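Look for subunit A in each of the two complexes below; its partner is subunit B in the first and subunit C in the second.
After this line comes the complex of A and B, so read on.
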């Protein structure tokens, strides 16, 4: 399975896809007996009606942005990595374990160490998938997808054992030590700095993709494997590179969620994040910088979903429908068959 | 004898190429007609027109006294034509009887498995096919699979069977079995068109032979009384104009020495390539051309020794071989030598490895120079390669590879499919480079092209060089025999 993206006039296509999905959602809301305009207004109010709400939306966008830009890089290289889900979970566990095992009193080093622990754990989990894929020639979709389930169970196992909080009625770790809590660092907003970090990293990935030899080689590999071989690029090296990078980003996303939102490791804290990151990567046309607005769009939808339910009575699961529709429309608008 | 099939004045063009240029072909019932010709001589096109896979530009086809025109393959089959392709159209996971019933209306809406299996046993005994209806196709050797195709044709009541290079995938014993089956079909009064490059089989089984060259009938003769040499000459033609007169200069130092090169498709290639020489490699496609070119360039692994400028490179990476002065123009431009989704500038830089950062401005400027030097006609360096014509696209590859002033060039089908102007341009560049002292291995299935450009000519057959002739000793008869698999 390879994706080829129709590059000409991508942005208008995606804008059209988003508009169509909102139109369909409006029709569904109307069918359920509510006014779509009030529902969307309530959603917008809940997502960006106050600095606090907008901060929540930014926080919700952060894991999609980080993991999604990594997934975009993999897809560009023709490596269909569906493993962000597991890499985020393992990354969260890695960050929590690091913070609990090596408590440091001053915040900055403590946070950096814990996040590094998350990134390394995510990367290591991606390395498992990469090595199985490259050594045994198992299709990467299969390996990354199946390892997600293993990862989630491993994190559960850790919470039931060494990482778990004794006596808690739920599978969760003890509260993280205060120095590793991510500060509400964005002035005026109730948000941790994760989104800012995500934007910086996405810019870095974009530079890597378009302005470095490695980025060029991975784009060649994504466009045509025989051409990469002919050009003298090692597809194995490229695969390792993008898998480790995207694993680190997903691990970072898990770490930030643990340190910045939950402040402890909770079973299922990242449920669905990694799969949604794939949606976001495609919504962002596999361009790391365009993943920023794509992640923000999904974050805003989710932040607004509860207020839509409260104020208008449209079930919050309607947001999942909108996300699904957006995904379908974006795929229909951008992905074409390779043989053309 | 009343002909079963009469094709008259068949013409079919593809752009400027006249693939069939007024071909007449007759097949009588109970006769086997051999259809001979090089790659691109028009055999496959003629058969596709007959079978309704393509419409002819002009000409008539009369089959069993009825004119066929505007027909589709399904109608051709109903009329009593059967085509047996080189690559079998069978479903490997299914049994013989399932494959026979597949797409056969007579098998009934409710499949009459047992009845069909009985028919298979009957036909199998009658023609010596030796097929078990319940055997799974995946478990059958290639020769048996071909018999399943023949069986399908027999049961569907085909009066004329077209076999496209039926022996190319068979072991010698299987070939003998096939020829026996064909003789039985002939005894029953069916007509057969036997497409092949191989002279011995033609002489063995055919009643008459028609030779195509460049879209025309170059000769036809009853097989009795025709010699191999005469057939070989008909196939390759006589009057080859040598476009590039050779420089009779003494050969330079050995640039590339290949010994015992083996691997899938290669059976021990050996040659020396000298500075200032073009070694043309002729041969029918599928005799190891791609394997040889890819193995020399490092895209495939093979056993044996490849010494480039005194340095053993058989284990070296693609990039290391490039560094050592090897340039490669692969046959596959759609996927390998060009990235169609990328720009002209990116394609010129496809094989650059120096430096961590890309320098888009410098890359664009360099691409502009190369576009001028190599006559790439496009709006600019940022034009996407997919928008270019075949000739302009190939000029990018030629520019990228030859501009590095390589000491050895491997060119495979370098002028394939190009218009005459672009062909001339590519060949001239290759000859220029030779004149400046490079060594060139020029592999092509166009014999005329190889003869025109080669200082020496080798023939690749069955994964090895059947022989090498220097230009002053060119013997077309000998080349034809080598190409036809006669050592």
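After this line comes the complex of A and C, so read on.
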């Protein structure tokens, strides 16, 4: 159950897992009657062929990076939190609601307030999961999984009611006020600053994990619950800590998606984000800084898939095949072996 | 009213089959998060095979094989490789969603899925019984896979409660070391249980394509696998309990559809939430007494 990982031999194993899944994907593409090299070339071209497209890839990577580094922290502590899916949705709704309820004219405070609203909402949703898990001894995986569906439906309910745009015909909020739109801040690229923020926060989490007392305690709890208890660490406190942090990061991811990409809250805007965040966390070997390239990999795949479909005719659902296979191979390759 | 109950049973049928599969897997100690992918693989295999072979029986067999294939993947990664059950389940769900969509679209033209049109299986009224007032239309006037689900539910109850293999399976979920000590092979039991789970859940997917919709569309299970997971929790890991939960969820869904036709769309989201909230309530209110198999999710050495 624990994701205790031997750090020494990890990178080659993950590289092998990625290579294997790309190989399987190539075989599938070949079987479907296309040239896999042309398809991958089209994908690469669509993902990084121009500054604009690379910017799109960075934007796509951002929610995976933010939520994935939080998931990595939880898994390190042995808390299998798969609730990012719901926390992102609630975070997006929180940011949208904050921006609509308290309009501010100057951009910076407006953005900070709205993103804080998203982070608080995501954190609050994680707190619901943590309290049910800890108070009632319910398996955290079941709680976080079930709450995902409740969260997504709650957001839909909010869009059908108070947050919805009147007469829009489908479930979406009014357009966000212009001051909260995230600027295209990375010079030369068509990207919002979310990815940079994600890298900074991942570095912060890495510091927390490896250089602080709390990080040490959560690594001990992840490696061995009895050892953590023996050392006097409170597992409940650790669980609360990682859940609130990862909830805030997931909520932030939702908020950035709403303010920076969609510019309104749309039904299903974050569909699958939280589950992919788990992929990215595993691909990054549960090391927050290594989640950065992992998230970028998935973002590039997704940005490139559409042009692969357009140029070569290979269906873009190939991306989900690669993601699923990578996740399976990484799981198979990195789980702790029996040592004795 | 009869329409409403019949709709509840119709919605409950694929859920029940998936939940029955999930019970096998979870009672043997492996979380059944992969139900969604197993159902979707079954739905896809059933539609493609029934369409290509022009034969519904072939489609049904293919759905079992398709679901079981996903079960084999889950079994290898969770039981042999000792990976986390939940995350493996998520992984196969993503993989199957991508793979079925990819295959359907590769077979079609210009990125659109191949057009599959099947006439959904018609009801097989049981002679004599279907003429009974009230009970007749409710219980004895269904398409074949619905009868199959009901029979499977009874058989599963007998299997788990009354057979030696069923006992071994339950023991594997509670105390695998005891199974090992008494000469059994808990790893093998788990692997077979997960593969069987895949086959039965795949059959649940076939209900969607062969009996209800008549074609395959991307991600057409739409979360039913997770709903089945919730219903087996609410049913406390027993076939009859899960069947009751599926019927209640089916009724809630049918009720929501009714409300929509009466122009009350908003409340349907709250209704759709009910299964997950009830599952959480069951888990939280019973705490340690939920009958969650004791060794579930714990890898074996």
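Just so we're on the same page, the second predicted complex is superposed on the first by the 334 of 340 C-alpha atoms of A that agree within 3 Å, B and C clash if a C-alpha of one lies under 4 Å from a C-alpha of the other, contacts with A are read in each partner's own complex, and residues count from 1 in each chain.
Note that a contact is a pair of C-beta atoms (placed from the backbone, for glycine too) under 8 Å apart; a residue touches a chain by one contact, two chains touch by 3 or more.
It should be emphasised that the depicted structure is a prediction, and the values quoted were computed from it without experimental measurement.
Looking at the shared chain after the overlay, A:213 reaches subunit B, while subunit C stays out of its contact range. By the touch criterion defined above, A:146 reaches subunit C but does not reach subunit B. In the superposed model, A:323 lies in contact with subunit C only, and not with subunit B. Of the two partner chains, neither subunit B nor subunit C is touched by A:187. By the document's definition of touching, of the two partners only subunit B reaches A:232; subunit C does not.
Put subunit B and subunit C next to each other and count what each touches on subunit A; the higher total goes to C. Contact with subunit B, but none with subunit C, is seen for A:224 once the two complexes are overlaid on the shared chain.
Of the two partner chains placed by the overlay, neither subunit B nor subunit C lies in contact with A:167. Residues of subunit A touching subunit C in their complex: 1, 3, 28, 32-33, 80, 82, 132, 135-139, 141-143, 145-147, 149-150, 153-154, 156-157, 160-161, 272, 275-276, 278-279, 282, 309, 313-325, 327-328, 331-332, 335-336, 338. For subunit C in complex with subunit A, the touching residues are 31, 33, 73, 76-77, 81-84, 86-88, 90-99, 101-103, 105-106, 110-111, 218, 223, 226, 229-230, 233, 265-266, 269-270, 272-273, 276-277, 279-280, 283-285, 287-288, 290, 292, 296-299, 301. Within the complex, the subunit A residues that touch subunit B are 4, 7, 210-216, 219-220, 223-224, 226-227, 229-232. Residues of subunit B touching subunit A in their complex: 297, 299, 317-319, 322, 328, 330, 332, 335-342, 346, 349-353, 355-358, 360.
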